[in-house]
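Two complexes come next, and they have one chain in common, chain A, joined by chain B in the first and chain C in the second.
Presenting the complex of A and B:
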């Protein structure tokens, strides 16, 4: 018996059309939700801080997020002196407002920052912004900012300060930094209401062959611990813009301080500010998955049950259960794969066409589900295919009553004796 | 040795077969019955008495509640699904009372189906064989029609053609003439009788009077017993 004939049997029962519709809808929903969740997760997972194998973040232990801590700038000297550390970037995060919308202003030392971060120039110049700012491409696109523009930035936390900044360039980093405005350190401190000798955190670029995040954590903890018990700690500052800053007493600054390497970062921020925890994101995905899986299973069940009499006839003629299951499985897998592909295409179209879905604002970041839609494809394909496999096996086993097929006939005829 | 030969000579043997359903209770009780090649056995009984149950047990579709079914001396209860399916496919032709044609397939495709599943013939050969069978039953003008486009009698004939497709040695026909007019019934019977030389035929009917060229006849009684007439 050919696969075409099996699909004709299923099609004749009119259960195939609802199944295909649900398959496409489910695949589209999986693809959409996974794209959106993955993009949200990229914010959640600390991508904003740029944590990676060779970027280590040092922030204040006990602060609710990586952004919200406050560390003495004097720690810079200590961190710069650690073995295996190639560059240290002191940074201040200042949630702010521009043109009526939220923006994360990152105050940095331009020289140190550009050592840490690979940026691509899209407009103007980005290598010197000691008196202005550079803007990520997503933020620039959202507010139509270009090189040479002047933007007024209003501090949102700790300070009601306003500062006008001339934009020297637009950059692309292919990270969430593309949603930020990057300005000199003092701008961040001003907007955040920090003193000149305080920063939110330090980002360290390390040589993974010489050190590791855990080694850095242990060393920093040890230094902080010993600072509490000693009276003097050697300190130095590297060159660059920071050299004009007074070298504060490290010992006194470090006393009473507890630092954390690799904070949970933006995830905690989103959780505390918006109630959007990593758990809630995964719970949401699990609920979507379960609901869709149940819908899919019942659709497969309806499709197979509707043709139960025909399949039983095939068994009666002499088709083995194995042959029947393999035919059903093949048809359902092909159907699922095609529907999964269609669902994915549908989800990409939805992301591209529906206003507000192609990109949206999450806290201070512009989330782009569309850019994650490629990852939705394997999910859109895998889920229906896996469901088809499981459902076909489970339901096909129910089709067979071994050699007590009459139970089926009795059931089919409403439990009466018509089959006798 | 003689007993073994006798067992082999019996194509099908039911030994002490009983069948009980949870909903209807005991339907068949202690049935002893056998058929050999060239036997044409008619089983008479009123509607709902258990004739279809008996044929399904004989056709290896159902396992009896008690007793054994032997095929050429082999106990069917020890056979797995693959063996039972193969026997049903190649050695047993079943004409169900409700025809059980597949509505999504044409008459021709329905008749081709057993040959296709058995993988016995090439497509053209299958088609020719199916057309010949349908023609022998007067269905040559309906080969492209779907079961839903056929009368009850025509569906019955397609079901007979399908049952004969793989040249079975055992033909089980469940009231094959009950829905047919005299001419169609004669065609169906003629077609079955053409196989009588090489096959054993078991036919059921509700009629007490209808005449068949049978070699033996039985009656299924209300107590589920099979009595030779």
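Presenting the complex of A and C:
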């Protein structure tokens, strides 16, 4: 009994074509879902604040997200003096609107920011944007922005009105930063509604051999805890953009301050306010998996059940269960693998062609499911193959239990004729 | 089905006639129930996509409601707007008539309005340090009031004086009483710094002078503005907005400082858009699975089709029998899918609450769920019915040759 004979039995029952069609469709749906969910997950778990192994983020404890807190700019001096800290970048995150769509504007000191971030120049110049702004490639692609464009930005939380910024360059960072607009620190402060002596957070570039996030946290906490109530004016390096900020006039700011080092990812905002968390992404994936698996399992069952008599007859005339199962399994696995591959290709085409799927906006970030589509291939292959294996074993055993083919045939044909 | 060469004498019983659609339907229902195992499998093939459709819709509805609730709780405060020419890409590049300002200022409900003439130029100090600046002609007194700005020194009140933004003053190392040279379109002119303005806005990187003096110094811009900023009082009102829309409908574009609420609302719209595309994909998938299910229905009901034709039923009657079976299976699948989807959404939110403490209440919108059910049913019946229609032709021909 060869594989070809088994597939001919299934084909004669018109079971093969529907099975292949369903396999391709569900593989495509799996692959599509996984690409979309993985891209959403990348936003949830992504380091939108810019933290990494040697980049430590210091933000305000108690704020709902890492970028919604407020810290005094005067903390810059304290952080710069910590052992093992190579550079400090004060940053302001300002949720804003550009050309009708939400955007995150990050106000920075260009010099210290570029020490933190490896950026690739795609257009124009990005090394000095003190009189304009630079734009991430995803944001630039979405709104057709290029070097030399002027963009108008309105802050969600400030009252500065419309701020016109001249784009000096477009960059790529291969991070969520590619969805942001980066401007001088004061622009972020205008749009965020901050005074000139406030920032959202600090990013520290550390030497991992000399210090760590936990050490920084302990040191900062002890400094803040012991700070006296004095007027402080931050001091900056000569030539730094920060030296052009109007002087801080308020009293300090360090006393009573509570900081958090390495806060959770940007997804915390979406999670706490809307329930769109990593857990919900995984749960939804599980829901899709279970639902599609049910359809797949019963499709396999249909194909095998349709040739039940033939397989039972084969068992009657001496074919071992092992041989039958192995042949069925081989046919189903080959079909699943081929259909899974076709389904993945179909999903990639759908992602590339359907508007609204190639890239879409999630909160302030632009996600591209197409870039995650490669990860959909193992899923598109693995799930049907696993389903095929489980379904074949279970159903073959079921076939074997009802091995009296004659009695089944008589019962079925008698029942059907009686209905008419 | 086993083929035999046995001669079979078939007597056509003239009493077997289907009188009504209801009889046919009840017969189809009996056949579906008689083959309960096979029918259940078909339902389980079709229902999961409906479960996903409904479950996703219910969860997304809850998400959207939650987003709207959050948005509505955010304070809205004073409504501020910027009006400029809709043929320009930005306010600073726009050119509008001064009368736009006077008309906006006079609209009932407008708390304040400010005219702005924005010119691009360069500024240099005595050390000839050059920097790009915006030169803004406006009502400086009102600007300081509206922006709650701090003024060090005095207001510029002649054509030879300017007020400099706090950041520009630091960049150019300018103090009160210093001279600054402005160059606009090749025309150079030196001014005295009367004051330094700290407004925590883009005017801190600008040089300000009264609008009438700007027109006087650069007469080609006389009677024109770049944009107008204005504000509606907290109490006002749809009527004010209506008047403003009428005013600005001819060639003006109005941008509002909207606060965070519309942005958060837009998040819900983003998810809705994605769900819409996902829904379309699932509907197509359900049609595809229905095609497969119809093959199975035909292979099982095909025997009944052939037998019914042999004993005298019309072709249309026999086809209708099979179609009704598809209809019944589809209806049961969609019904099961709706129930399953609502339950799945509840389980989803319960798990979410248990895992991460996040409360997301699913929203069952009967209208939306009904529309999804109807769409699913149409796609399933369309896919399955179309397949049956295509296959029946061949089956009919085979049957004719068999019975003759």
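Some points to look at:
FYI, the second predicted complex is superposed on the first by the 358 of 420 C-alpha atoms of A that agree within 3 Å, B and C clash if a C-alpha of one lies under 4 Å from a C-alpha of the other, contacts with A are read in each partner's own complex, and residues count from 1 in each chain.
As a convention for this text, a residue touches a chain if its C-beta (ideal position, glycine included) is under 8 Å from a C-beta of that chain, and two chains touch if they have at least 3 such contacts.
Quick caveat, the model's predicted, so the values are computed rather than measured.
Touch criterion met: A:152 reaches chain C, while chain B stays clear of it. Touch criterion met: A:26 reaches chain C, while chain B stays clear of it. When the shared chain is aligned, chain B comes close enough to touch A:321, but chain C does not. Residue by residue along chain A, chain B and chain C are tallied for touches, and C comes out ahead. By the touch criterion defined above, A:223 lies against neither chain B nor chain C after alignment on the C-alpha atoms of chain A. Of the two partner chains placed by the overlay, only chain B lies in contact with A:310; chain C stays clear of it. Contacts of A:291 after superposition: chain C is touched, whereas chain B is not reached.
In the superposed model, A:366 makes contact with neither chain B nor chain C. Residues 415-417, 419-420 of chain A lie at the contact with chain B in one complex and at the contact with chain C in the other.
Of all the residues in chain A, the ones that touch chain B in their complex are 1-2, 5, 8-9, 11-12, 309-310, 312-323, 400, 402-406, 410, 415-417, 419-420. Those residues of chain A whose C-beta lies close enough to touch chain C in the complex are 13-15, 17-19, 21-22, 25-26, 28-29, 32-33, 36, 95, 97, 101-102, 131, 149-152, 154-164, 186-187, 189-190, 194-196, 243-246, 270-280, 283-284, 287-288, 291-292, 294-295, 298-299, 301-302, 305-306, 350, 354, 356-357, 360-363, 409, 413, 415-417, 419-420. In the complex of the two chains, the chain C residues touching chain A come out as 2, 16, 27, 30-31, 34, 38, 41-42, 44-49, 51-52, 55-56, 59, 62-63, 66-67, 70, 78, 80, 82, 89-93, 131-132, 147, 166-167, 170-171, 198, 200-202, 204-205, 227, 229, 255-260, 262-264, 266-267, 270-271, 273-274, 276-278, 281-282, 284-285, 288-289, 291-293, 295-296, 298-299, 303-304, 307-308, 311, 344, 348-349, 351-352, 355-356, 358-360.
Chain B contributes residues 21, 23-24, 27, 48-53, 56, 59-63, 81-82, 84-90, 92, 94, 96, 100-105, 109, 113-114, 116-118, 162 to its touches with chain A in the complex.
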